[in-house]
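Just so it is clear, A, B, C, D, E, F, G, H, I, J, K and L label the chains in written order, and each chain counts residues from 1 on its own.
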Amino acid sequence: MTVVRSTLPDEARQVTGDALQETLVDLLGLSLTGKQAHWNIVGPRFRSIHLQLDEVVSAARGFADTVAERAAALGTPPDGRPETVAARFSLPAPKDGWLRDDEVVQLMVEALDAAIGRLRSRIEATEKPDPVTQDLLISITAELEKQRWMFEAENAPRD
Amino acid sequence: MTVVRSTLPDEARQVTGDALQETLVDLLGLSLTGKQAHWNIVGPRFRSIHLQLDEVVSAARGFADTVAERAAALGTPPDGRPETVAARFSLPAPKDGWLRDDEVVQLMVEALDAAIGRLRSRIEATEKPDPVTQDLLISITAELEKQRWMFEAENAPRD
Amino acid sequence: MTVVRSTLPDEARQVTGDALQETLVDLLGLSLTGKQAHWNIVGPRFRSIHLQLDEVVSAARGFADTVAERAAALGTPPDGRPETVAARFSLPAPKDGWLRDDEVVQLMVEALDAAIGRLRSRIEATEKPDPVTQDLLISITAELEKQRWMFEAENAPRD
Amino acid sequence: MTVVRSTLPDEARQVTGDALQETLVDLLGLSLTGKQAHWNIVGPRFRSIHLQLDEVVSAARGFADTVAERAAALGTPPDGRPETVAARFSLPAPKDGWLRDDEVVQLMVEALDAAIGRLRSRIEATEKPDPVTQDLLISITAELEKQRWMFEAENAPRD
Amino acid sequence: MTVVRSTLPDEARQVTGDALQETLVDLLGLSLTGKQAHWNIVGPRFRSIHLQLDEVVSAARGFADTVAERAAALGTPPDGRPETVAARFSLPAPKDGWLRDDEVVQLMVEALDAAIGRLRSRIEATEKPDPVTQDLLISITAELEKQRWMFEAENAPRD
Amino acid sequence: MTVVRSTLPDEARQVTGDALQETLVDLLGLSLTGKQAHWNIVGPRFRSIHLQLDEVVSAARGFADTVAERAAALGTPPDGRPETVAARFSLPAPKDGWLRDDEVVQLMVEALDAAIGRLRSRIEATEKPDPVTQDLLISITAELEKQRWMFEAENAPRD
Amino acid sequence: MTVVRSTLPDEARQVTGDALQETLVDLLGLSLTGKQAHWNIVGPRFRSIHLQLDEVVSAARGFADTVAERAAALGTPPDGRPETVAARFSLPAPKDGWLRDDEVVQLMVEALDAAIGRLRSRIEATEKPDPVTQDLLISITAELEKQRWMFEAENAPRD
Amino acid sequence: MTVVRSTLPDEARQVTGDALQETLVDLLGLSLTGKQAHWNIVGPRFRSIHLQLDEVVSAARGFADTVAERAAALGTPPDGRPETVAARFSLPAPKDGWLRDDEVVQLMVEALDAAIGRLRSRIEATEKPDPVTQDLLISITAELEKQRWMFEAENAPRD
Amino acid sequence: MTVVRSTLPDEARQVTGDALQETLVDLLGLSLTGKQAHWNIVGPRFRSIHLQLDEVVSAARGFADTVAERAAALGTPPDGRPETVAARFSLPAPKDGWLRDDEVVQLMVEALDAAIGRLRSRIEATEKPDPVTQDLLISITAELEKQRWMFEAENAPRD
Amino acid sequence: MTVVRSTLPDEARQVTGDALQETLVDLLGLSLTGKQAHWNIVGPRFRSIHLQLDEVVSAARGFADTVAERAAALGTPPDGRPETVAARFSLPAPKDGWLRDDEVVQLMVEALDAAIGRLRSRIEATEKPDPVTQDLLISITAELEKQRWMFEAENAPRD
Amino acid sequence: MTVVRSTLPDEARQVTGDALQETLVDLLGLSLTGKQAHWNIVGPRFRSIHLQLDEVVSAARGFADTVAERAAALGTPPDGRPETVAARFSLPAPKDGWLRDDEVVQLMVEALDAAIGRLRSRIEATEKPDPVTQDLLISITAELEKQRWMFEAENAPRD
Amino acid sequence: MTVVRSTLPDEARQVTGDALQETLVDLLGLSLTGKQAHWNIVGPRFRSIHLQLDEVVSAARGFADTVAERAAALGTPPDGRPETVAARFSLPAPKDGWLRDDEVVQLMVEALDAAIGRLRSRIEATEKPDPVTQDLLISITAELEKQRWMFEAENAPRD
């Protein structure tokens, strides 16, 4: 059933749709694992990181909504169901149970690092097929790079 | 690693912890499948249901946060990771791709119905072990029953 | 026409539905008679009581809405039509025309007293059939008892 | 007991006081029956009409307050008690129980139609005795006519 | 120097300009004497009347601004200088020094009474020359009559 | 297709509908030409007038909405399409390209002058057929006269 | 009279200025025809579409302002006068009189479709001459595509 | 009638009371003459100065309230009645009728200059008797000196 | 002097009144010692704990007000005077002078632990006499348990 | 342990630290006894004084925080623990149980009177050692004198 | 010390880091010189330009923050110390002392002109190394070009 | 060119002007170096200090504006240009590149220490020439001393 026709030619839509679907999974996964860390973090920097994680979650949720609605707008039904996110999410993620604050900081640096690397490839891949989507991916990258810096600065060796 | 000690005796904590963990999975699952429907719905009632679904998602997210923080407060680390939600979520959920508006309404009635039934057992189960948790589950039930009525009223036969 | 199915078994729904319907009538009646006093009060405490009555009206209207929507959510259509309120409202109420400020204060103490007594029986009656409804009735009682105290404190004999 | 003296001569006050008292009953009745429909409506336009009815109720409540306070300001104690509203309210009103969405729309058109007709006579009647009151009735009519149009536009035959 | 030309013919402008100028003096005078009472009131109703007087002052200042700008808009420069207000203000006004609360209430009833009487003549006088100005004077009268009622209700004999 | 029935008799509706339709064209035209001046103005008073024009545009847009909805409410479909505005707009309007600040002020005085003159005839014409519409036209006139005064005061000769 | 010098070389300014001017006409035309539909729509989805159209109008007005100010900033005086919009607007537009809700939805899909196609050519055309303008056109396209999807999803066949 | 006892010894209260009473007259006079200029100003800087005058009026009114309440708090009933302001106000003030913008600026510089000079003597006079009052007078002076600078900067010769 | 009559029978009021009075002392004591720590804390986590302590103080103050007003509403005058709080407060409390950040965290865990234990007994004790009061104590417990978790999580051993 | 070094020389710090510590005790005591009266007041002026007491409490709490933080900033750890407040608080305070409204007003006049007298000595004492602290004490005195006036005006003999 | 690792390869980071550092200096310099003009401007357009300069300062400060945080996020520590800004700032800047309003306008046009030219080279230079940074520089350019236009339009010759 | 005349005699203006100019340089320097630390800080207290630094910057910027406008108001043109700040700023300042969190805390204690010492001399110096300026310097000192305490408390040795 082709319900919403695309404003892009077929090939361009394929590339763009894939980039958006993968980004959606990354962002929903980040929002769930960010919350997981928000709830399970322990240690002396608890409060500070607890709050910062909610900023990541809030950014990830907002971008996930925009990404999914853009996919729909281009005629590709987005897929953000639990089983899809679980099956396709490939970024570093927390283990079960309480998490030490330094582990959380390290984890966030790595997870954001991986997400940024994947986004940068999609920025290249979508430049020709759809500059509108590319512009959206650039905004997401800028925000995630800022979040990554904050966690890494937090993690700097004391001497 | 027992990091946060419980203010409840062991057995009470076990029952309460289980109730909260199951509720967390139901709520995170509802928030993901609610968003899935929000993005993929099509049909003449598109806008009306599109907006109402966001109210369900927003309520589910808010309650999930409170539930998980209460679990942590009782010494049970909550688990809301993608793989956990995918493995344990058992409420009716949408299929892949575009979804007709009447299918979505029917789905939401059924999913909320199942969630409410499960919450009512937990309200009974937690009454003795922890009335504070019971009180929280009661609030969630009240809100989900209100949402369920709205979808069912929407679904009433025309004559 | 059974349009909205109940999430409660039949007997529980009967008890709960009655408790909600009676509470709805009490609250709508209070909101109308509270406004009547708000408009017709005269005397040196005019402004002070005039403002306080609007707080009672505002609380009563908000609770009436929640009570009626809960009845609907449980499959019982609520009835708040003028003739129903007039026929079933049994709390003390103001006479026609201007009202002296001390009469108003006395009236409010008595009307709230009666409303609270009736609510306390319903709290008992709904404990088993539906703790969610009981929780709502408890909140209403707490607010009305606070309002009653304020009017009674206002009415204390000078020496 | 003549507590608040009028700023109008006796005859003018009689005409104006009657117009305000009748308008008060119409508006309080509208606010109660509007809420009744808000709670009991079912059908595919549930959400849309459910929200629109609250706008009517909110407008009716706000104007009722202004109308009653104007009556008091002119030395006529207003009467908005349940038994008065029930006895004198003459606009079309909903039956008991669930209400189909198209029935609700039809009812609101008729009730507002009747209310507007009665207001227009009072606008004529108060022009000479008190242009200040006339100005208030004109504002109420403008708002109710706008509400009526919206329900009627909603009800237009599809072809 | 005729700087701002009028949109009214000469005679209409004369009548309208006089009505606005006199109203301006009444309102500025009310705002000054209302503040005087706000500052000097003493007695057991101090707080209640102290606050109510600020509502009168705030209304009077707002209307004074609108009235003066309307005069300017019609080509008549308004005059609200201290010496003009002092020379032309004719409403009842407070004496020097502390004021008992019951004296203040009585004074406000009388001052508003006088202001309303003067406004009602101007409403008649401006009906033909400029209905726009008349509409403004009607709004001011409605507000002052409401304020007058509140002070008079406050002043009602206790038995 | 007569979709929305009028609450006015035929002749009254004809007069009122014409007055509203003409006012709609004047207001939409004013909002477009006001924006045109807002964008193209140059000269030492650039910022001051640039901001004031946006107040005119904002007022014009708001009134246009109320006027069109009132027409619909009376059963006359309003017409605000580009070709209609272009064909029927008769107020003074800006030339193409950059506009000197003193030219803009002069233009606004003249355009508002013309609009006010036309509104005053419609106030007379609608008094009998529909005082509700007349009241709306009076409000619009009051606002436009205030705006006109401000531009004219700005334009006064320096000596 | 060349008042504002451009920061772009002549040829680049020509291309960019044309793209901005054409976009301005499309957006002002959309805002007027969107309002026309907002006022004249009838049918069972009246309220839902009535509200959604105001979101299109609001977006179109906001973007028109930014586009026109950018043209001015680049030294090209923008032209948004009624006669210009009427003469150059080429998107699908509503007929005179009442409009059925399904007609309105279809019309909006087509109008937005056409607007998006035209914007996509301008995105290509401005890439070299002025990436700042291109960025602005990309944002507009993203928003209009989102709006188009919503109307199209609303319009999807039931099975 | 000594109603409010002073927290200051008699002599200190006399000095402080006089300083506050004189300041009250200056501030009420400034607020009235500031409004007079706000309404009657004409010329090319109309809008700019019209707005700035309202900032002076708003500051003067706020300080007048604080000054009068401080006098009352120290047991001296303040006097801000129209006849008192008219008789004792000695700052430069506007003439009757329209006022050219440059005249207004010059007038405000002179009036604020005079007010500041008088405040500075009172700052000295109250230092010993009541540093609390002195602190209030210092705040008023700071604000009036800022306003004075703005008008004087506006008045600077162009070359 | 029995001024405010109770809506509870005597014995129930005794139990409830005691529970509320003891809770009031605990909460006022917590608010004072929380502020003491807020002011005297030193160490590398200064800012983080300084802010978190204000959240505890703010919650404790809000609940103290609700608890005391509920006691009054039930006819028991609450006692929160300094000497009463000092004599009856039995929770762990800070020593005089500067406090190291880790000491403060440890102290808060212990003080909240003790407060929660005492509240849980009162929840049991008030279940029969007054479910409305019980409901209030449940809410307080939920909040204090959440605060306790946050301090304990903060205090977790690093390895 | 001297943790925070002072920016003042030793002797100046001693005087300033004592003045701040004594003020802290007065303010915390006032906030507790103000709340005590807020909860236990009865009589016909209940509502009016009940509200005014909360303004005193709110001011006292805010100033207590500023005073304590200033002490800490000057290197003197402040002491606001329950036992310290109980032992050193010397202002007039309420008795146990319900309090008649006129007793409360009289008590507040006396308590504020005493607090102001003590503050005025500290203003003198701190002028040389630390004008920054003196400035803070002046602000507190101004506010408490305003509050005292309001209670005394309320208490004025009726004739 | 390489504390924050870059997500860019070395060469790309070098180019991007230089572009960001130079932009930071330009923006901090603009914010300081914009404030300098804000404080020292004199002449008949004082108020208008005084306010507009604050908009430039506010934009420059906001962008400086984003630019510096982006540099840090890419692993390049930004340098915004006074001596760095003073040594490297090369845009036109105000002389010491009072500044005539026309001089200020001219200066702002020239300073913004220079800043825009430098930004446009950096947009080209960063396109390949980092499209995310390029996107940020484009946004800054768009805003500064809008500000420049406003000052230039203000400066247009009168004829 | 003496554009703004002073309200102070020459000598007083000289002393006051110098104090304000030096304070301006200190505050602008603090705002720039505070931002530098905000961007370059690394270490486990990153987020906490990063946020606290922005409070210092925000306070410094706000006071700088007030100080500069006061200088202008007294007839002394303030000088806050980059080269002036760089040449005259003498407080401790950060080195180039990343900064460890403990270094930043130490630096802020020292910089604020120095600024406070300089402000205290100016408070003495301005007491006679201009108590209004002295009052402003006192407010700045109070705020900087509070900030200094917070950094010093943060820096306290752990044992």
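We take it that a contact is a pair of C-beta atoms (placed from the backbone, for glycine too) under 8 Å apart; a residue touches a chain by one contact, two chains touch by 3 or more.
Being a predicted model, the structure only gives us computed values, none of them experimental.
Novice: Which chains make contact with chain E and with chain K at once?
Specialist: Of all the chains present, those in contact with both chain E and chain K are F, H.
Novice: From the options E-F, E-J or A-B, choose the one that repeats interface D-E, i.e. more than half of its residue-numbered contact pairs are shared.
Specialist: Checked against D-E: the matching pair is E-F.
Novice: What whole-number Å value describes the gap between the mean CA coordinates of chain G and chain H?
Specialist: For chain G versus chain H, the centre distance works out to 53 Å.
Novice: Measuring from the mean C-alpha position of chain A to the mean C-alpha position of chain F, what distance in angstrom results?
Specialist: Computed value for the inter-centroid distance: 50 Å.
Novice: Taking each chain's centre as the mean of its CA atoms, how far is chain C from chain E in angstrom?
Specialist: About 41 Å, centre to centre.
Novice: Send over the residues of chain J in touch with two or more other chains.
Specialist: Each of 3-4, 42, 45, 48, 69, 72, 98, 135, 153, 156 in chain J touches at least two other chains.
Novice: If we use the touch criterion from the header, which chain pairs count as touching?
Specialist: Pairs flagged as touching, ordered by label: A-B, A-G, A-I, A-K, A-L, B-C, B-D, B-G, B-I, C-D, C-E, C-I, C-J, D-E, D-F, D-G, E-F, E-H, E-J, F-G, F-H, F-K, G-K, H-J, H-K, H-L, I-J, I-L, J-L, K-L.
Novice: For a test of understanding, state which residues of chain H touch chain K in their complex under the given definition.
Specialist: Going by the criterion above, the answer is residues 45, 48-49, 51-52, 150, 153-156, 158-159.
Novice: Of all residues in chain I, which touch chain J in the complex?
Specialist: The contact residues of chain I facing chain J are 1, 3-4, 28-29, 32-33, 35-36, 39-40, 42, 64-65, 68-69, 71-72, 77-83, 85-87, 89, 93-94, 96-98.
Novice: Using the touch definition up top, name the residues of chain A that touch chain I in the complex.
Specialist: 41-48, 98, 100
Novice: Using the touch definition from the top, list the residues of chain G that touch chain A in their complex.
Specialist: Touching chain A from chain G are residues 113, 116-117, 120, 123, 135, 138-139, 141-142, 145-146, 148-149, 152-153, 156-157.
Novice: Mind pulling up the chain D residues that touch chain E in the complex?
Specialist: Going through chain D, the ones touching chain E are 3-5, 7, 69-70, 72-74, 131-132, 135-136.
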